[in-house]
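Same chain, two partners: subunit A is paired with subunit B first, then with subunit C.
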Partner chain A sequence: MNKKKYKEIVDNHTPKENRLFNCFVSFFIGGIMGLIGQLLVEGYSYYLDISTKEASTFMIITLIFLGCLFTSLGFFDKWVGFAKCGLIIPITGFAHAMMSTALEYRKEGLVTGLGASMFKLAGSVIIFGVVSAYVFGLLRLLIIGG
Partner chain B sequence: MTFKYKNVYLNETSTITGPFEEKGPLARFFDKSYQEFYFEKKTWEQAESKLLEESIEILLNKLGKSKQEIDLLIAGDLLNQLVSTNYAATNLAIPLIGIYGACSTSCLGILIASNMVDKKQIKNAIVSVSSHNNAAEKQFRQPVEYGGPKPKTATFTTTGGASCYISGSSSTIKIDSATLGTPIDMGIKDAFHMGAVMAPAAAETIIKHLRNTYQDINDYDLILTGDLGRYGKDILKEYLVNEYGVEANNLDDSACMIYDLDKQNVYAGGSGPACLPLVTYGYILNQMNKKRLKRVLLVATGALLSQATVNEKMSIPAIAHAVSLEVVE
Partner chain C sequence: MIYLNAFLCAGIICVIGQIILDNTKFTPGHITTIFVVIGAFLDSFDIYDKIVLWAGGGALVPITSFGHLLIHGAMDTVNNFGVMGLFLGMFDLTSSGIVAAIIFSFFFSLIFQPKD
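What follows is the complex of A and B.
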């Protein structure tokens, strides 16, 4: 049997992922994350009497802390499995990627394990985040002049 | 290549599992199960090594033999450089052949041991395999606590250790022949669809075994593959019909038996070198001893990939080895 015909058999027996449902769940939970973030910003700026910009930083720190805490407590991976990009794309996903890797490699030593491997997943986010910020910043400068 | 054996028997087996297998439908057939994944050790690697070592200790206890009486240990696992095997064998101090055949390791080990016992090069051998879900996740996929989303075709690495004792002294289960598989590559690149990767290798080995031993597929009460998963099993059946015109109604897959696929969150089923032997040594041999099954063909399938080859988008070769068991009247 040639590879093409075999691929047809495989495709026939491969279940379809429910993309529409997954998109909806991610969209919905991502939206809730946005709402929580906004409430935190409003709350911090109201009760601590600080500017929205400062409150945003506080909000990010809070979400990162919660992401790391829930990952360490061992149940955030189950939430991520369900919500998928709804929790991966927001800052909680970044915290989760760093924390889970740190937990995994801590036993291989502080320098050779944790330090060396902590950015295994998050490294790509940082690199391509910086690259895309540069590209889009440049585009913005060229199109609307800064 | 098929080997026929005159005087090789599977005398005794042992199984040890983690918490997921203990919640599965075959739980009562296992010798021992742990409730947590560390098995009282500090790291996943140490935990898996303990599984292998303890399964051998249980086996020796059942046999009433000391480790000095064992001529050879053939063992394998999934971790880089076979660390589970090497550390366990170091603690046990039994002569070792460490083998890697991914999830096909169990049948490969039985085949090598049977050849040596049949030729009287050794009196007896222990064949052991282990796999550990978290150790495999760490090595092949993501950190355990990351738990990124997976497609439905993914499989769940079994946590367990399984050992068997093979010798020339007779018992109810005879190993009558075994077929060594050839690696084949059907161009599948998806590391989350191992069933599709391995099904053609399983088919080829099954057909080769039947032809070389002049048998029909219905001469076996059960053809047990391990571990294609629920979709891989269907692919194998259709492939057998299309390519060889063979209808396999007596075919089942250990990946679909070790867990309750409807209730446990294990995607397409179990995987890992320990999956097939756990099901076989626990459940299948029990059925054979009760004479409900008389002839069983074990077909262990392995996907021969590494994390690097997956990242480099190379297609994944697979291999399958078959071992034929029969009840001695």
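What follows is the complex of A and C.
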């Protein structure tokens, strides 16, 4: 059996993910997350009497809290497996990445495990965010001037 | 009306991520990193502000808003301090999210046991 034929057989037997269904689910779940965000912003600014900018900070903290809580309770992984990008792209994905590494490395000790490895997955978001923001900020200073 | 905009905006951003995830070999870590860079890029030319005005929370929930807030904080201090402001104000607006993530994951990992 040559390699080409082998590859054909493998391709036939690997389960095909329904891409259209995946897109629909992530659109729906992601949209609901956006809706929850908007509702939280309006709720906070109405009941606590604060500006929209501060309310959006409160909203992000609330979503991170919920992401961390549900991850440590153990059922957020299943939701991410179902909704995929619908829960990874919102800020809950960032919280999920931090929380799951923290839970995983907790058993290796507080300093060498938890402290050293907490940013193992989520660190790239911060590093690349800061680097790109710095580069784009310099570009903007040069082109527009502040 | 802003609720529909928020739903559509967050949904479309998630679908773009899902299409990239399904059709390439990128991991979810790559996708979130790409989206943060895209958010920083869009905000450095004032495009993301318009999206936030249109969609409200729908544009603030996706991880692109993290890049948007990074460069937004930096640009606020650049007006007062020049190039040094880039270093000074980078985390001004995002600190709340990072601190919240660190605090909650630290204490929850002390309380809860990992479930496999």
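Note that in this section the second predicted complex is superposed on the first by the 126 of 146 C-alpha atoms of A that agree within 3 Å, B and C clash if a C-alpha of one lies under 4 Å from a C-alpha of the other, contacts with A are read in each partner's own complex, and residues count from 1 in each chain.
Just so we're on the same page, contacts are C-beta pairs under 8 Å (C-beta built on N, C-alpha and C of every residue); 3 or more make two chains touch, one makes a residue touch a chain.
Given the structure is predicted, the values throughout are model-derived calculations rather than measurements.
J.: With everything superposed onto subunit A, say whether subunit B and subunit C fit together or clash.
T.: After superposition on subunit A, subunit B vs subunit C: fit, no clash.
J.: Quick one: classify A:Tyr6 as touching subunit B (first), subunit C (second), both or neither.
T.: First partner only, subunit B.
J.: Is A:Val111 contacted by the first partner subunit B, the second partner subunit C, both or neither?
T.: A:Val111: touches no partner chain.
J.: Looking only at contacts as defined up top, I'd like to know whether subunit B or subunit C touches more of subunit A.
T.: Residues of subunit A touched, subunit B against subunit C: more for C.
J.: Identify the partner contact of A:Leu103: answer first if only subunit B is touched, second if only subunit C is, both if each is, neither if none is.
T.: In the superposition, A:Leu103 contacts both subunit B and subunit C.
J.: Where does A:Val125 make contact in the superposed view: on subunit B (first), on subunit C (second), on both, or on neither?
T.: Touch status of A:Val125: second partner only.
J.: Once the shared chain is lined up, is A:Lys78 touching subunit B (first), subunit C (second), both, or neither of them?
T.: In the superposition, A:Lys78 touches subunit B alone.
J.: Classify the contacts of A:Leu142 with the two partner chains as first (subunit B alone), second (subunit C alone), both, or neither.
T.: In the superposition, A:Leu142 contacts neither subunit B nor subunit C.
J.: Have a look at where A:Leu40 lands relative to subunit B and subunit C in the superposition and call it first, second, both or neither.
T.: second
J.: Just to confirm the geometry: in the superposition, how small does the C-alpha gap between subunit B and subunit C get, in angstrom?
T.: Between subunit B and subunit C, the shortest C-alpha distance works out to 5 Å.
J.: Name the residues of subunit A shared by its contacts with subunit B and its contacts with subunit C.
T.: 17, 71-72, 74, 84, 88, 97, 99, 103-104, 107, 121
J.: In the complex of these two chains, what residues of subunit B are touching subunit A?
T.: Against subunit A, subunit B makes touches at 42-43, 138, 142-153, 186-188, 193, 196, 200, 231, 234-235, 238-239, 242-243.
J.: Could you list, by residue number, the parts of subunit C that touch subunit A in their complex?
T.: 2-3, 6-15, 17-19, 21-23, 28-29, 31-33, 35-37, 39-41, 43-45, 55-63, 65-67, 70-71, 74-75, 78-79, 83, 86, 90, 93-94, 96-98, 100-102, 104-106, 108-115
J.: Touching residues of subunit A toward subunit C in the complex: what are they?
T.: 17, 19, 22-23, 26-42, 56-57, 59-61, 63-65, 68-69, 71-74, 84-86, 88-91, 93-95, 97-99, 102-104, 106-107, 114, 118, 121-122, 124-126, 128-130, 132-134, 136-141, 146
J.: Would you mind writing out the residues of subunit A in touch with subunit B in their complex?
T.: Residue list for subunit A touching subunit B: 1, 3, 5-7, 9-10, 12-15, 17, 71-72, 74, 76-78, 80-81, 84, 88, 96-97, 99-101, 103-105, 107, 120-121.
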